[in-house]
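Two complexes are shown next, each including chain A; its partner changes from chain B in the first to chain C in the second.
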Partner chain A sequence: MRPARMVLPAGVSSAVFARALSELRRVVGAQSVLAEPEELAPYRKILIPAAADEYAPSAAVLAATVEQVQGVLAVCNRFKVPIWPISTGRNFGYGSAAPATRGQVILDLKRMDQILNVDPELGTALVEPGVTYAQLHDYLRDRSIPLWIDFPGGGPLVGPVGNTLERGMGSTPYADHFAHACGMEVVLADGRVLRTGMGSLPGSDAWQAYRYGYGPYLDGVFTQSSYGVVTKLGLWLMPAPAAYRTVLVQYPEERDLGRAIETARPLVLGGTIRNPCRLRNATLMLTALYRRTDLYQGEGPVPQSAILEAARDHGIAPWNLTFSLYGTLEQIAPNLDIVTRAFASSGGQVTADYHDGAQANQLELDAFSLLNWVGGGGLVWLSPISAARGVDALRQDAIARSILFRRGFDYLAAPTLSGRSLNYLVPLVFDHGDAQALERARMCFLELLQAFADNGFGLDRVGIDFMGHLARRYGEVNRDVNRAVKRALDPNGILAPGKSGIRT
Partner chain B sequence: MRPARMVLPAGVSSAVFARALSELRRVVGAQSVLAEPEELAPYRKILIPAAADEYAPSAAVLAATVEQVQGVLAVCNRFKVPIWPISTGRNFGYGSAAPATRGQVILDLKRMDQILNVDPELGTALVEPGVTYAQLHDYLRDRSIPLWIDFPGGGPLVGPVGNTLERGMGSTPYADHFAHACGMEVVLADGRVLRTGMGSLPGSDAWQAYRYGYGPYLDGVFTQSSYGVVTKLGLWLMPAPAAYRTVLVQYPEERDLGRAIETARPLVLGGTIRNPCRLRNATLMLTALYRRTDLYQGEGPVPQSAILEAARDHGIAPWNLTFSLYGTLEQIAPNLDIVTRAFASSGGQVTADYHDGAQANQLELDAFSLLNWVGGGGLVWLSPISAARGVDALRQDAIARSILFRRGFDYLAAPTLSGRSLNYLVPLVFDHGDAQALERARMCFLELLQAFADNGFGLDRVGIDFMGHLARRYGEVNRDVNRAVKRALDPNGILAPGKSGIRT
Partner chain C sequence: MRRGGARARLVSGLIVLALCPFAPAHAQAAGEWSGSEQLWSRTCSYCHNDGLAADLRGAGVARAAIIGAARLGPGGMPPFAPSVVSDAELGALAQWLAAQKKPVSDERTRRSRHGARQRQR
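What follows is the complex of A and B.
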């Protein structure tokens, strides 16, 4: 290992940076400013196919209060030091805790971990950035509050603030996390504190109850952005239903993907199914049961014959669709009749007592079986978006399949229908420790991103390494509007430069 | 009548304004620039308790294309002429078509009235600003497309673009109009055209299917704002359900309001009721059957004894709550059991075959019976927001009742529970032609606004005459953020100055 050197922010001399660190220590305490390489190692660890060194932070500052966040921003403005806020730092498969460019100071908010309020009657919560889904789940369980958590794909150690701000998705009727957030507290770059919606009206009890307030509805611009540091977020929580049934529909042929989507869409739009319909292909299902080497020891993707054989052994179909029905048993019964008839007549085999904890308030660690499939801790997600149409799903399937196979990777897929759209989720797993595999993964990811976008399927989220690239895909006017707002709210550009491709 | 004089924009000389008008005529054609007093009369007509002269426009320009909108903005930037965009101009009870300050040029978009696309399978539409709800309803009916319209309170001649941008509410499960909008085209002050969400990704078919796109989610900042001219809006339309049942719950005592809310809330949060629960008090119900003078010819509010007697004659209760259940008859049955049991045990009398067209895709003109109660065309809405709690409803009831009665007005109320919030809608009706009544209404409105806000109940929407006042209630930081964004996107401040209290 080379001798550790401090990574300086761009344009900041070592003398100036030393003064900045010294000021930061005054704000948060010496123990809460980390600048030694070994202290920073956890912030450098990424799963995406990129060289961690290109995204190495300069330091990390742990703030414990809103006042400390304000103090940190004041120092960063004064010394023009870029700062990358993280909540729990578990943005797995998108860059984890690392900044979008080398040489930013991490603003780690994990110590701000208070559940400030839960209203059992309204089904709302107000939380700080360091709160995790597991923590909120346990809080509710310990107090016997009958509200459910919607766990994100990244698992229970992820936090609702970070996940919601990245517009993450879960598995229950509250899967669209941003759509079920209500009210933010945001520390602006100049240190002023904005409360959105009803939060800026003194005495209102509707900050977590009504999303819009008066005038422009601002919350959306603080998602996937760098316009402020969100220090409190309101959440809507689903009342625990009297009962639920998780339904599995299995399709015998790979080409059945299209008809699965066509069958699910009207059931979702009509309100019979209220949570996302998630399909998983056989390979993805097998990651919960096997490592890849259990099935195949050669180069390149596991042969489809081996996949299908292993799948058959475990009752796994080429496409496996799940969703749940919630309510009293009396409410569930007619819905179950309707979905059973619809999916059966589309050629699916329906099982009405499947288990999927994420759809029912249960902590699961599914996400990590993915990492064991290959081993070596490499993971990056593709999430191309289309209308919820069978033909679109088939086109995305063809693109993903051909590129992954050609480049020697297994094809894992979890196309998810939510309302009118389809998020064709594809995780790309690889051995992060193998430099060649990492480079192959990176090139494969880029080819997939480009092929999807060339066909009109834009990703809705991307890792730190392709933020500028993806933002360019969404055009010049969009980029310029984002930039104009950025300059208005953060004129020195200290907050997360490069986040979502936005710079001042 | 005094001789008509041209109303000049602030700081613009008559010579400069004449040049601006001449340039505008070049852009849209001479026939489409209206500057004569009689031509402008329709834009001056307001229902709110304010002097129309204080909000008199300087001219009106009718644009028929995006290119014309761009041309108009270029002229306005060049001559620093403020421009007030309207879609159909029917912002009844909030200022109709009139601008927030005297001397703006109306940009009337009613000629942009194309339904650009309806996708029957996805349940989406793409419309221009001049499209009305009635037009869209007829379009669907004529083509037998089984999608429903969610009519707003203002009736069928209102347009979905204007109503959604004002964050209007309807009556079906799609009542939150902004939450069911998907994708905007916005002409920015500098003439550039932004398409939000997936609309800026070439070739995407998800512009009307997926709301968020990549990076900051911008759509919210174009609602209740002056940051751009929305020229296209995507809408989600509800698939026509197989059946529906509209339920009426009647409570025998005025104090039952609290328990009505407490009973409705868990049914809404649990998903059994999917549209807003709207309560109407006896007086509001009677506006559909009587004029006020039919019941009472004296000064001051109609005595409560006369209200209750007339109500009894027609089977109207002190509080009348309605909502609907949608689905197949098999799906409706268990839901009807649940709601019937819950409301009956709270003391309500349940009727399961009520009629309310707005909850079921039917054109109605209810809104206008309000205007006939007093006559004389005066109407302004109060919409204080609270959490959906019985105690809040009772407090709002007490505030509204005492102030209205003390100031000699009837108390009409339509508290509406949507999800976790309560919008305590109170229309104030008066004779607009009676100068004294108008001034009394204005003072009463102001006292109500202040009393609600002092108690933590902020209005979520307000007429052109109180925009600055209400914005101040939401605090300095909120106002400064709005202003910073305004300066970034419209540096000359030509777009709708004063809208939502925002100026450059």
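What follows is the complex of A and C.
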């Protein structure tokens, strides 16, 4: 990737931007302001089907303290320079570290990487934005603290603050990361520092223990938003269970998807299964074993016959569902009987014990095998949401399958049942270095987004290139309220303009 | 042809948790890595020692190539910003990698740990 020339923020002259950079250097130090194109290269790399130039940052500022964040925001307000906060800046398949519009200054919080507190008895932690899951995992391990972390597909490289603020998902009973967050410290655009929940009450020791405090529950408005810079986040961590068993259920026919969902839902709602039930189709499973060219050298999707033949060779079924049972051995044994009977009676073949580190506190980057399937580093996620019903899963399967195949892409799917909802995860992989493939992927993504939305399946997260588009699908009133909050908290619109389609 | 499969990911018997002693954790940002070994084990090795990307130990990759790849993230590799790791730390990593023996591939060990993911190249 060739570094581009300096990019100016929209509406800011080069002279004004130079003054802004000078002031930012005064706040964080000269070494912590990056403005040379080659220094910014790591912030430009994106996996989504878009041109990196369209989302190129104008600079990056590395803040190390809350006071520096306040100083940076003061400068940005003064010079009307837009600023895009990142924690560890990963956000794989959604835009990585790049801003929603060209010319924003990246506020890189990686240097704020302190694990400020872990309470082994309450199972809570307080961390800064630069902390990674690997760092938190090592901290707990080295101190023999029997708490687990729950991490998303990006595993060790990503961090709990960024992923929780994007409302990311993991694989254990604590998979809903925002549901297991408790208390935030937020630097507002005007420099004031808000501590949410009990954090606003002097002397309270319950900031990480009780989420709501008094009055409106505010934490949600700081997720997938641009209303403040979160500089501390409280987490709930799962007490390490005495034991666990990870179960694989395999269904022999593609049409069994609905049956699998219908069987899993009552087991999840009843509490027998406490973590998400994730299904993977055969093609997704094969990405762990092959590159697509090992199976097929032609144009278009790998023929289904080749997929099914390779799958059979490796004991992979058309649909492969996994979950874990946690607890004592005495608790697990009867629950294993219950789930085995239920899934077997629905036509599933049940096998314990399966290996999936993500369900058991073992850091892995297995998800990256996706990127080897095609090669070339192109990835974008679709995550349509529906109620957890088999009929809805089958409709989403039909939509994804028909559009992907018609547009020449392989169909990889990981429908995930969590409680009462189903997140029909579909990764679209392509060669980012091939301009034609990139454009085809972009058009395919757009068609999928529209088709899902037309059928009532809204995405719950989207890359920087479609944030405005998706926000419009959620309606005018929703947008008006978001805009009103934005105007109240960030009247100059300096914080991450365009994030989630929100502007002043 | 690749080997492994869903069955290969099965591990025998019940898994009962145990905590093992390890070296102390360090912060994991530019200027804070305890050394190249930690940088390797807590970042690079998840892919470069795990069948997802080429193992760089003893591979004779030049310092400039290591730094360039880390900053740009070629193909599917994520880039690493100066806030994550410094040029000096990447340079030391290149030196450390060059000093390592080229590992002998142990398919049996790797498959037992990661089952389906392992590839034969």
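Everything that follows uses one rule, which is that the second predicted complex is superposed on the first by the 500 of 504 C-alpha atoms of A that agree within 3 Å, B and C clash if a C-alpha of one lies under 4 Å from a C-alpha of the other, contacts with A are read in each partner's own complex, and residues count from 1 in each chain.
To be clear about the criterion, contacts are C-beta pairs under 8 Å (C-beta built on N, C-alpha and C of every residue); 3 or more make two chains touch, one makes a residue touch a chain.
Note that the coordinates shown come from a computational prediction; the quantities given were computed from them, not determined experimentally.
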Which partner does A:18 reach: the first (chain B), the second (chain C), both, or neither? neither
Now for A:288: first (chain B), second (chain C), both, or neither, which partner does it touch? second
Contacts of A:446 with chain B and chain C, given as first, second, both or neither: neither
Between chain B and chain C, which makes contact with more of the residues in chain A? B
Please work out whether A:6 is in contact with chain B alone, chain C alone, both, or neither, and reply first, second, both or neither. neither
Quick one: is A:42 in contact with chain B, with chain C, with both, or with neither? Answer first, second, both or neither. second
Scan A:241 for contacts with chain B and chain C and give back first, second, both or neither. both
I'd like to know which partner A:484 touches here: chain B for first, chain C for second, both or neither. first
For A:110, decide between first (touching chain B), second (touching chain C), both and neither. second
For chain A, which residues belong to both interfaces, chain B and chain C? 241
Touching chain A in the complex, chain C uses residues 1-2, 4-17, 19-30, 32, 42-43, 46-47, 50, 52, 71-84, 114-117, 119
Interface residues, chain A side, partner chain C - complex: 1, 34, 38-39, 41-43, 45, 47, 60, 62, 88-90, 92, 96-97, 108, 110-111, 113-114, 130, 132, 134-135, 138-139, 141-142, 144, 146, 155-157, 240-245, 248, 250, 285, 288-290, 294, 313-317, 320, 329, 351, 353-356, 360, 363-366, 368-369, 371-372, 375-377, 379, 433
Taking the complex as given, what residues does chain B use to touch chain A? 121-124, 167, 173, 178-179, 182, 188, 192-196, 198, 200-206, 208-210, 212-225, 227, 236, 239, 241, 265-266, 269-272, 274, 326-328, 330-331, 333-335, 337-338, 385-389, 392, 419-421, 453-462, 470-471, 473-475, 477-478, 480-482, 484-485, 487-489, 500-502
